[in-house]
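Some structures to go through are shown next.
You will see two complexes here that share subunit A, one where it goes with subunit B and one where it goes with subunit C.
Up next, the complex of A and B:
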């Protein structure tokens, strides 16, 4: 039985939450509606709140101006390759730092932590010159390789690897498992939440990254989504319908990726906080 | 299971070389000044890049051995790439780059050896083909022509014909800023629309136009700051009067100005000629309802003319194919056909004076109330006062915007605010 007092409280809470939901969804909805309108229509007063009929035209002009399919592929390829490889590297490094005693291990970890404190602007120009001398400008590897060993991801993985009991590793060794087998079949499954968290961080970071791809990429066929979208904002003429559609397309994968991994994500963030 | 790891390793090794680009072994082929050859890269943005790209075909009729690759970025992005490239001693830079005129002093100051002086390559023979204010804008402080003039933005006041009619205001009768304010009050009463948009705390474009009308920028010929001059006081006072009469619509950024244009929040917009393109693009249904009159003048002194925006072409000094880069820059900026391409299709207003007699310029515009709007802009080009800019332009503009906002929004007296601005700019320039 629900008392009327209780009911009132519930209504209050729910209406509050509904307003919150509406407020956070509204920009996305507006972005979606905008992608179906002509540029001029977006500025009409009162605003058009229902989808228009210009979606196909906007897509057409978006394909013409930035080659959206190739750009989408570039972003996807770069972000996925980067996420897979860098998550693996940080898991391995984190495992090594957490569970192996070796000479200089602590010093090395300290150096990695220190590199977290160097702002990326400082390394930008030397790194750029390096890419130029490798003749790597306008290539995928110029974007994927430099950031593969991410200090923050290594740090996060190390903290999570610490929570794995030594006894499990020892038991596996006694059973005759090799080090790689232990890592891939035992350690990785146990740290799945942390892996998911790192994967989301890396994917979002790479997917949204603008400055570095902008500097290293030169031709339209190689652009990633943020760079291509940013090139839509010209001096005086902006086709806002195109921009809205482009941003909508850029947002969808992130939403999907996040929804798929979100339950791991939250437990991953909490993962390192409890010490047993 | 070691197989696992080897699998991943092999995959990585396979993927990475596969996506490397064939750009390596590109051999650089160049010709000489008479017969330029080889490939050059040009950086531009937006419709300017599109114009450059389309003009290559015309260019190649004269120089068949030169390949031109035009790469298109947003303007902010282009500057970022350019700065990084120059800071990395020229690594990864193109052979020709587009730049807004107001940025030129900053770049030549920060990277004095960064760009080729075009006059030393023979460009000075074209000096008289462009208007004096533009030529002054592309010179460095030693008088070298560091850039080849392309487009300009003679300023005018775009206005809503229907609003003016409704309020019974004659645009031709607006001669001075006082007339403008009076007209604004009438229009507001009749239509409810405010007179003009100003992004109060971020953009001092109106102030800059008012200064140029009177022959000044933030600096005079001798690099002295002009913020405490009578001209500056006059300009800021008019802006204050406009605001006090509730005639200023405080728009937020570029998008805000476009919004105000489309939905009729404002009756006039003082801006450069290139804004015609935006009006036509974004407000097609207001056809026939826009027209233009020249900037009102100050009753004390000055002209009715100013310039907003404009860009030019530069050659980074690290180019490996100087002859082809120069050939392209020279051809593009002095060729009528190329210049008209950008004008007709994209509204990029050329500074090349001999284009102004062409029929495309003198024709009446249906969109702009049947008036020969481009001819009227072309007629004032020669009259736009020459002003002097330097590397502190960006700082000065920021400080003035802040001053504008303290005068309008915080009610600070104009004289005090400008005095503080002058002091602040002096301090920042000493650094």
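Up next, the complex of A and C:
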């Protein structure tokens, strides 16, 4: 009896999990297929489950409507620059907070913790006014700069920097290494997994971000992928083949990063909640 | 910055002449935090304060006049604002429990010793959490089309016809909940899974020696042990839902008849469609207040846990 009960439980758990997986994955598959279909075919019932032949045409019309190559470049350039600089800044700050005792340190860290709780929406209007007065609307820096010092990333780096033994830093100082040298050639290599986790997190956040770019970008030339996609949806006649290819292109880079670095993705998320 | 780097790039110099370094260990932390702090002062602290002042002003073009509390009193008489508050809380109260319990169930299933291929399952469940909210919203917008959408097609195979997913107030909310649940369940599941892995296994061994069955163990060991993880996921999801924007913006544009207008969507429209900066700042500060209250409750809950 016990074994048959076990078998039932096993079947139960597996079918629950597999249905869950199918529901999670199916929209992706359908989106990929949709990017190769004509607008009308996407709404064909029963649905077309195999790729069609319209991929090149969809790309062509996506180039004409939103200039997909430039848009893709904008998104990639912004996300990569943002990721590199913000990861470096948060690593430096995290290092200072974790490994130095200095006047005002606790107070500053407390301010950073507080800003973790403030919804970013509250900064939108003053930031927009600021961008107008700097004449920065429709520029890369308008998208990149405001979020560069990310409290969550600083917090995460501080937690990880704590694990670096003080003795290593002390020994390097005795040997005459300067503070920057210690940071760049000893601390950074030691905390590579944390850096990867933060970098992924920052990249994903910037790549997927819609609201702030939507506010600051209004010339097609400068659109990021999410803004360009939302402009496609706003058109009077929506070409869904195009839209599906656009969403596919917005998704593929992240999927590739995720599949290559999935351990770091997950540790980045866990860094904020439970300590492993 | 530039000058500092030139000095440190010449380490040999240091070793030959034991010259005094400019960047002493005493000064170093200030240099290391400087970029973050300067950026935060300009792009976070200043806007947060400025927004507070704006919420007491009326902005016409470049002219700003102080109007006291009138933005706030106007808020309390604004039916659309009430609607957006109500919508946000309705979405929150329904979506968060559904998602959190689903995430917990999946995590428990994956954690069970019977399941093989945990990593693969975890990857698959996590996939939705990496997609852009806007991409997810667009795909679901097409899937949920009333006449030609796949979802209604599948439902019609079971005799359920023509649900107005995006055009009836009730179903529009359900659609937003559906997309949010699809996007975030795996994310929370991963957090629960890590929490489960942190529960010492001797607790379970002791319980089964005492004759407690699986269900009893779940309620007497798993749930209490996961309390901090629960609080974390619920609070994060709550704060996230308070800031909900992308999904209703794409799926329904807040419609039909404001049934899916959220606080942030209303803030966006007030600020950037009607350019009422003062009024929009007041909305933002109500959001800050609500978030602060929820964070405070969280701290209370976690604090009790330590006793």
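In the analysis below, the second predicted complex is superposed on the first by the 236 of 276 C-alpha atoms of A that agree within 3 Å, B and C clash if a C-alpha of one lies under 4 Å from a C-alpha of the other, contacts with A are read in each partner's own complex, and residues count from 1 in each chain.
In this text, a contact is a pair of C-beta atoms (placed from the backbone, for glycine too) under 8 Å apart; a residue touches a chain by one contact, two chains touch by 3 or more.
Note that the structure is a prediction, hence the values are computed from the model and not measured.
Colleague: Under the stated touch criterion, which partner chain does A:52 make contact with: subunit B (first), subunit C (second), both, or neither?
Modeller: Neither partner.
Colleague: Is A:67 in contact with subunit B, with subunit C, with both, or with neither (first, second, both, neither)?
Modeller: Neither subunit B nor subunit C is touched by A:67.
Colleague: Of the partners subunit B and subunit C, which touch A:141 in the superposed model: first, second, both, neither?
Modeller: A:141: touches subunit B, not subunit C.
Colleague: Is A:43 touching the first partner subunit B, the second partner subunit C, both, or neither of them?
Modeller: A:43 sits against subunit B and subunit C alike.
Colleague: In the superposed arrangement, does A:81 touch subunit B (first), subunit C (second), both or neither?
Modeller: A:81: touches subunit B, not subunit C.
Colleague: Give one of first, second, both or neither to describe whether A:233 is in contact with subunit B, with subunit C, with both, or with none.
Modeller: A:233 contacts both subunit B and subunit C.
Colleague: Looking at the overlay, does A:149 come into contact with subunit B only (first), subunit C only (second), both, or neither?
Modeller: second
Colleague: May I ask you to name which of subunit B and subunit C touches more residues of subunit A?
Modeller: When the residues of subunit A touched by each partner are counted, C comes out ahead.
Colleague: Should A:220 be classified as contacting the first partner (subunit B), the second (subunit C), both, or neither?
Modeller: The first partner, subunit B, only.
Colleague: Classify the contacts of A:90 with the two partner chains as first (subunit B alone), second (subunit C alone), both, or neither.
Modeller: In the superposition, A:90 contacts subunit C only.
Colleague: Show me the subunit A residues, by the header's touch rule, that subunit B contacts in one structure and subunit C contacts in the other.
Modeller: Common to the two interfaces on subunit A: residues 43, 45, 124-125, 128-129, 145, 178, 180-181, 211, 215, 230, 233, 240.
Colleague: For the complex, which residues does subunit A have touching subunit B?
Modeller: 39-40, 43-45, 77, 81, 85, 88, 124-125, 128-129, 131-133, 135-141, 144-145, 178, 180-181, 184-185, 211, 214-215, 218-220, 222, 227, 230-240
Colleague: Note which residues of subunit A are touching subunit C in the complex, please.
Modeller: 6, 9-10, 13-14, 16-17, 20-21, 23-25, 27-28, 30-31, 34, 42-43, 45-47, 89-90, 92-93, 95-97, 100, 102, 105, 108, 111-112, 115, 117-130, 145-149, 151, 154, 173, 176-181, 183, 204, 207-208, 210-211, 215, 225-226, 229-230, 233, 240, 243-244, 247, 250-251, 254-255, 258-259, 262, 265-266, 269-270, 273-274, 276
Colleague: So in the complex, which bits of subunit B are touching subunit A?
Modeller: Listed in rising order, the residues of subunit B that touch subunit A are 1-2, 4-5, 8, 12, 15-16, 19-21, 23-24, 41, 45-48, 71-77, 80-81, 84-85, 87-89, 91-92, 254-255, 258-259, 262-263, 274-275, 277-278, 281-285, 309, 346.
Colleague: If you look only at subunit C, which of its residues touch subunit A in the complex?
Modeller: Contacts found on subunit C: 4-5, 7-8, 11, 14-15, 18, 21, 23-26, 28-33, 35-37, 39-40, 43-48, 50-51, 54, 105-106, 109-110, 112, 114-115, 121-128, 130-136, 138-143, 145, 148-150, 153, 182, 186-187, 190-191, 194-195, 198, 228-229, 232-233, 236, 239, 242-243, 245-246, 249-250, 264, 267-268, 271-272, 277, 280-281, 284-285, 287-288, 291-292, 295.
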